[in-house]
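After the structure tokens below, expect a handful of questions from me.
In this document, chain identifiers A, B and C correspond to the written order of the chains, with residue numbering beginning at 1 in each.
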Amino acid sequence: MGEPGAVWAVAVLPPVVAGLALGAAGWDSVLAARDAGRGRALRAAADPLREAARLLLRPPRTVAAADRLLLRAGVVLLPAVALLAAMVVPLGNAMVMDPAVGVVWFNAVEVAVWAAVWLVGWGSNSAFGLVGGYRFLAQGLAYELPHMFALTTVGLGAQSLRVGEIVQAQQGLWFVVWMPVAFAVYLLSVLAMAFWGPLAHPVADDAAGGAAVELSGPDRLFFLAGRYALLAVAAAFAVPLFLGGGAGPLLPAWAWSLVKTAVVLGGLVWAGRRFPVVRMDRFAEAAWTVLIPAVLVQMLVVGIAVL
Amino acid sequence: MGLISRLSCFAAGRPPFFVVTAAGGTAARLGVEAEARERGWRSVASPAACSVLVVCGEPGPDLEQAVERVWRQIPRPRALVRASVPGREHLITLLDRAEHELAAPDRRDSGDHAAEGHESGDEPGMADREADRDGLKLDVLHVQLGPVLADWPAGLVVRAVMQGDVVQRAEVATAEGTGRGSFWTEPWTAARTGDPVARGTAERRGAARSLDTLGRLLAVAGWDRMSAQARWLRDDLLADHPSERLTARFERLSDSVGRSRTLRWMLRDLGPVTAPPARLAGDAADRLHALLAEAGTAMGLLDDPTPLDPGNEAHDAPDTAPVSLLPDLLAGADLGAARLIVASLDPDLDRPAASATHG
Amino acid sequence: MGVVVFWVLAAGAVAGGIAVFAVDSMARATFALLLSFLCVGAELLLIGLPYLGLLVVLMMIMEMLIMAVFMVMYMMNPAGLMPMTMVHNRRGSAAVSAAVFAALAAGALLTPWPERRGVPAHDTTFALGEAVMGPKMAVMMLVGVAILATMITSVVLATGRGRYDRHGDRLDARRPADPGRGAP
């Protein structure tokens, strides 16, 4: 069913990811402007573009005794992670590649965010940056295992780790219908890996921006754009995993992929604003004692159903 | 280079700004925040992220030094706004000028007495070693919280000894206020000196104070949506909007915040206080609910025309109780918890004669 | 092409390993080691073991970052670029590592490697799963439980506080008494 390696998929990938990321950022700006009671909230949709132009025109600020090598490595790693992860996300039937272990590829690439955030936080030579990097590691320990089990559940349901075959396995019934717990856990881990919304503690304002405390100019642009791109790609991956991929009436498959992705992404951005930040000293225990057992039970149910 | 200049013009709109407030600068801060909100400026929590640095009030020598250091680190194009006195017309001129400077970056900017080159001066310094709360001997770092910190009480400085993100010990210092008293207690002070003040006017000010604290606590708790709504309501209260619509908006806000289980989960057990005064008793979640109740009562009395009885409650006495509690409450809390504890106590250091070191 | 990539990755892995001892910051040493492991993971991808290769990448990133937590505990200098060395007892360590290297290299060169019998499995991931859940199941179960037991034991030994400290002597406290709540 998939057409891995289609040349146009390679060409289309970066602009689609950028477009989705920009859309998410714009949607968030509109919501923020409405909440703050600023007039003509819709105009705020252009704020991310404005911010991008502003950051491009500014020199990066140099911090004394910063570890610039590690800082830049982290800054560049974040958008790179988003693009590498996007390679196994199908747009309709087309994807850059469809390896036999596509789900593991996504997982392995996404874990590199741990390194990216920590490198940026540590490299900044600031106590707040250090705390931000530290917070992301605690967050990673809380979300990564439930996330892996959610992915495993999908693989078990489809009896394959190949994304194309997972989409095919949902021709009768979308996985979201009989794996709701795994879907919910996956969405939560999307927010966590993109450190967004209630899981934005690593870059929260209480630590003056946390890991991103010293970023300015193009460095900041890369970091923030990478973060939104990651949010968009991880939301897009929910479509082949749980929402039947490009399946749908009337519209072509690629259009259905985009529509479903936009709904998931827009919903995440909207829902993310409705909660305060969740701190890991409170949340980690819940993640291990509630989320992991819940998703394991889900896996058991799926396993029995598959047998 | 038409493209570049048009791009920089576009980029100059709705700039991100960072506020530094000196003790006694509350009125100016409120004016700046309200005007910036109207213009769609976005407030940011890190100087590195801002284009406009706003200094509210009249900084003392220590704060002035810190401001200059922060200013040196901000890359161009940038603008410095010194809002030493409140007054809407004055602030409009200042913010207009800042927008203008950002759009024409080749001009020298307003704060150019500072030297060129953006080297950060506030590096954390070398680590020492101390026993941690489990008795392990680990590295410690000396970190100063304030006075240049977003959503932080003006005039407060906490010198913390940290291991990882845990505050092991904290020393608290407060800056000298201007001696002119707090913006928040003005109606009571006026009533005491014999000026006729309507009760509604004072309650309006009191409700705005509660919402300011609420907005700050929610911002520190990372709930931008509710924090923005609280601040919007505060600005409308201070702009003397009619009370009916404000009360309805407050009810909605109070409902959403008061009922949030996540917020309660994150705030409970933080900074438990047993000693009086009553408004500080309990943990941070209790203080949040006391704050909502206090604001609710005040919101119901906005139109009360009876003259204000200044009473014997010491509205203009120094607000020392929260400050003296801080060192004990902060020891052992991680940075996130420590910020929430401070925000939930929110000492008003603009009141006169609040100068002491505890720790 | 494959050969070129193999040698580039091999050289990268060795260079990363050397860099661990050449750089002067613990953070850089950690990530040099990570780079070395990532090259090894990519080699596994190259020889047709995608699952194992990606697993190495995944686990090594997580492991190195957990190591970074300990690093922060013992050396809390963000960006810590002060002169420090990863080598102690220069002569002794050089001798030990030279000897180990010689022994391992000799082993690799002198072992009579067996001739290949049969062909590689069509789907190595599937073959791996079958081996783990089939003939090698007893070993895997044993090793898995042993690793888990080791982890739990070491955490129990390392922490001063147990569940009775958190939930009371009768384990009936609804909320655990954790140090993070305000008092140490």
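Convention: a residue touches a chain if its C-beta (ideal position, glycine included) is under 8 Å from a C-beta of that chain, and two chains touch if they have at least 3 such contacts.
Computed from a predicted model, the values in this text were never measured in an experiment.
Counting C-beta pairs in contact across B-C and across A-B gives the higher total for A-B.
The innermost chain, defined by the distance from its C-alpha mean to the mean of all protein C-alpha atoms, is A.
With each centre defined as the average position of its C-alpha atoms, the distance from subunit A to subunit C rounds to 26 Å. Mean C-alpha positions place subunit B and subunit C at a centre distance of 45 Å. Subunit A and subunit B, compared by their mean Cα positions, are separated by 32 Å. For subunit A, the set of residues that touch two or more other chains comprises 65-66, 125-127, 130, 134, 281. For subunit B, the set of residues that touch two or more other chains comprises 124, 141, 164, 334, 337.
Annotation for subunit C: residues touching 2 or more other chains are 72, 76, 78, 180.
Interface residues of subunit B facing subunit A in the complex, by the touch rule stated above, are 4, 7-8, 10-16, 37-38, 40, 42, 44-46, 48-49, 51, 73-77, 105, 118-124, 141, 143, 149-151, 162, 164-165, 218-226, 228-229, 231-232, 235-236, 260, 262-263, 265-266, 334-337, 339-340.
Contacts from subunit A toward subunit C in the complex involve residues 65-67, 69-71, 73, 99-101, 104-105, 107-108, 111-112, 114-115, 118-119, 121-127, 129-130, 133-134, 137, 140-141, 144, 161, 281, 285. Within the complex, the subunit C residues that touch subunit B are 72-78, 82, 159-161, 175, 179-184.
Against subunit A, the residues of subunit C that register as touching in their complex are 25, 27-28, 31, 34, 50-51, 54-55, 57-58, 61-62, 64-66, 68-69, 72, 76, 78-81, 123, 125, 176, 178, 180. On subunit B, the positions that touch subunit C within their shared complex are 124, 126-127, 133-136, 138-141, 163-164, 168, 269-272, 328-329, 331-334, 337, 341.
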